[in-house]
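Each of the two complexes below includes chain A, the first together with chain B, the second together with chain C.
On to the complex of A and B.
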């Protein structure tokens, strides 16, 4: 029989969740409804008035080829950062899990990047990757023009992807390591005794066993790569050159805050929100079925 | 027990409320978008104002940069928590004009009994912040224009006397520099659309949009691809491909300004407000001078555009606060104040009287201020024309960003110039039509 705990007093539970509810309402639902309202109106920035325009704002952005480019770019960006960041983190976690020399140090060192705020990292990376003076830029002395994120859009996008992935490694690493350490030693040892090399053990034993963690990280990384890229892009490239690093969030920021097109930006953020919700939904619906807990 | 506490609290509050007016002056806020050294200069100015009289106290708050100031002012205004005075930059002017959220500076000064000689303001500056009928809406504060900077040693080395006056001469000089072994004759940053595009159009009397760059109505249309800028961008591209113009920017590792003061590049174009910075930052052995932006041979020069920001008084404040704002503006307009401000910052004096006084004092005769008069000469070269009085286009920050993209596209991706500029005009028109729709039925003041 299922055991259930419940309060006899009907008011108390509401009081207990009240603060949380209020926070969510004030900081999430209220701004979201506001954005939703703006997305269907043309809002004057100084608040002088607005007019209801139905779906005009959405039609305007959907008709814009450049907008679709940013959507495609965001999707590409999300896949690359997520894949790169999770692969590297898993790789590192596997080594640390094997209790090689210096594990204790690496355990803590690998987490540090996560503690760095994106804009701060962005400024540092800008110097590192600068084509004319940075550390990476020094390869231009050997092969002139091989690395130039300031003028080459592909280079710039690669640069941002690498930086974003790097920032996420620490977070992914911790989860992977914790998951790997949850696996009973006896299982890996049994595998080893049967003659499985570390790589085989990882693919056949460890990976299936940590599938729930992989799934969780996949969702978190995808969402973060859609929404958290702003700090890096703003400090490193400002969306350039020629808009080649302009992803959806950056366009929202630029159109809304610099261009003062509140309605267009609101419509774009509604689209982004729906996209992230849809992505998460798909993952829960399809991917999760293949994940076995316990 | 609690009641008594409440009562005490309430009564002390009342006491406070009663006591305050007797104690102090009217406080009002001023938000500005300057940081670092310039921010401290503003604070000094505020302090000076507070010490000069006892009726008002100005509280000056830095919002770090122009964008933040505009965004925060808008947010505050919508929440009815706006400052009395705020500093808004050129690209944010039109939205504010149409919003009706301000008290015109002329009205403010008249109502509070100050006599200001409005004709005294430099015409190029006044026109940017006035209605199409010439009424000033905001007070010019920190203003500049673009000039071109030359490394004099490099000019000497290639045997050029004085400074190039035309782009033809610039090309000759730059080519000679390249041959003489200078790796970067001209530094160019596409994000400097203001100096390379807007100022070029102004001094060559070229329209950016119809209806006098938008002064005549919100239905203006972009015409950049039909004017001289097509040739100019073609020229820039040619020079870039030949390595005579070199791309310098923040993300390339060195900004155009840094490249110039470090002696890495020999020619650059920037605001006159950088004159002071260059003087302080120039590496040892780097000698330089500034001149008016060059024009093409066979064209006639018109005045250049004013850049920078002006002070706006916002609606919804008390009469006392407006009195304070007017007193502050009056304080700023005093010749000594104008001169100090211009001296320590590098911004131009905004009134003819201020300029004349400084000239008479010999301010411009010696280093480090010698060369700053070039900006005034450029700003006042001719009376403002339809194309050089200013740019009054909606969402102008977005249009400017499109121009930056366009120039990058031409330089880095070899996009044909005419095609790129036609696409720019089309994009700009979309932005303008959207803006027009947002302010449907609104009339430009």
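On to the complex of A and C.
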């Protein structure tokens, strides 16, 4: 990022960047440090500040079977939403990339889910999947009791996963389409001349060429399914039935704000932060090696 | 397009139509259910065709969730976040790209690391800081001994306090404090050729003049993209507003009200009202995305890659 031509000024850059730095300090670095502090301390029951407890808070959550269940559930949730959403988006992007007449209309509609608030989609999907109402619930009329997310944890989880995946379609589609369109036509044409059919070209040409985008989206989707699920879960199931849709973010919220166990919630936050940082780090490592096509 | 076989074209259209259904069916169901009466919406299976009660359902939802003031709050917060972000992001990116000062790279990394951790992950401590946003400065003053010094000299004890709970600042500021926009602007400023800077320096333009007369007009597309992305994401915030507003009547946003619209477990299953409410709540960002698509798609791709 070196420039040959730039300005030299002692005060001005600090004035320009100052507000942003202050905000970042107050709302990012301070809270993150605070989370670390809480994670390693425990509040005294009758006041008198926090006492340093080393890794006790972490050990407490790691010894809790329920916590591991939440982690496993979050991982499952993240993999399913990511896989489902990316598969649908890639499928659509591949066909849109053919640029037949009228494709523009399809293309602009596919982006719409990006604009929808997670809780709004949550409310809509809750109605769609409601066992008493007449959409998915209709099958209960044919086979009574076959679908009931209100009491069956697996059904509830499926419902949320479908909704989260739907919300991600727009974002993933935008990136897949942009990546596909960046592949030079000549390469595709050369492949076609060698006798490769569309499906063959898809797997042997396009997918390897857009691998960096696939990987980037994989990481972004995983992070978002680990962190963004609160709005959906809170409007659709509130973690129920009996905790079967409680994922990491929801547990942090619940332990921290409903249970007022700041130390436990902070320790859980740190674990989630490390997870997100690890994912981002993998992403950065990959970016260095990414494919360039000119 | 290489294959021109009509069969393959047909397959393409069929697949795209299928995709259209996947994306549109939830919207369609919201509109249909939102326009039906209680009897119609409770029918099993439901008739998937709009009825005539949309307007009255919207009015019921509007009154039940008190959407008027909430819409205004959502609008204030979204516009606040969007403007705040654009101003701060363009200024800080300008400093990082066009000035050569010692701590430049440190500032760069200080800001960009924030891209890593979304607000949801550090929600508990961020909530704590909102109770007193000036606490970090108090601690700094205390550890540097300035508080004690001033107390000794003037016998005034400094205690900084700024409570952000139940205020627009509390709803807005933490959302502004991330690097998304800065990154977008930085990416764009990097593409400005050195010659342009040299030329304006030679013409005797100050950095500020250069910023306003050269950079800002050039980055108009960039600004539209960022504005769209920020408006949508701040309108759709849920967890943060939920925490920071205990006084829902005055500072609640529309998205928070969605939960209040869901029929109670044993109450009347008036999903028609819920869907009508959901429809108007999701409409503003949807319209913006639909109309601004060309710009925001470009912005989104440069932002994250």
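Things worth noting here:
FYI, the second predicted complex is superposed on the first by the 245 of 294 C-alpha atoms of A that agree within 3 Å, B and C clash if a C-alpha of one lies under 4 Å from a C-alpha of the other, contacts with A are read in each partner's own complex, and residues count from 1 in each chain.
One rule holds for everything that comes next: a residue touches a chain if its C-beta (ideal position, glycine included) is under 8 Å from a C-beta of that chain, and two chains touch if they have at least 3 such contacts.
If you're wondering where the values come from, they're calculated on a predicted model, not measured in any experiment.
By the touch criterion defined above, A:104 reaches neither chain B nor chain C. In the overlay built on the shared chain, the residue A:115 is in contact with chain C alone; chain B does not reach it.
Of the two partner chains placed around the shared chain by superposition, chain B is the only one that A:151 touches, whereas chain C remains out of contact.
In the superposition on chain A, A:258 makes contact with chain B only, while chain C stays out of contact range.
In the superposition on chain A, contact is made by A:230 with chain C only, not with chain B. Look at A:126: by the touch rule set out above, it reaches both chain B and chain C. When the shared chain is aligned, chain B and chain C each come close enough to touch A:134.
In the superposed pair of complexes, A:30 makes contact with chain C only, with no contact to chain B. Between chain B and chain C, the partner in contact with more residues of chain A is C. Across the two superposed structures, the residue set of chain A contacted by chain B and also by chain C is 126-127, 130, 132-134, 137, 257. Residues 67, 70-71, 74, 77-78, 92, 95-96, 98-101, 247-254, 395, 397-398, 401, 404-405, 408-409, 411-413, 430-431, 434-435, 437-440 of chain B are the ones that touch chain A when the two sit in their complex. Taken in their complex, chain A has these residues touching chain C: 1, 3-10, 12-14, 16-17, 19-21, 23-32, 34-35, 38, 88, 91-92, 95-96, 98-100, 103, 106, 108-128, 130, 132-135, 137-138, 141, 166, 169-171, 174-175, 178, 188-189, 192, 198, 216, 220, 223, 227-228, 230-231, 234-235, 249, 252-253, 256-257, 262, 265-266, 269, 272-273, 276-277, 280.
Those residues of chain A that touch chain B in the shared complex are 42-48, 51, 53, 60, 64, 126-127, 130-134, 137, 148-153, 156, 236-238, 240-243, 254-255, 257-261, 263-264. Per the touch definition, chain C reaches chain A in the complex via residues 1-3, 8-9, 12-13, 15-17, 19-20, 22-24, 26-27, 29-30, 33, 41-46, 88-89, 91-92, 94-101, 104, 107, 110-111, 114-118, 120-129, 133, 135-136, 173-174, 176-179, 182, 190, 194-195, 197-198, 201, 207-208, 210, 232, 235-236, 238-239, 242-243, 255, 258-259, 261-262, 269, 271, 274-275, 278, 281-282, 285-286, 288-290, 293, 297, 300-301, 304-305.
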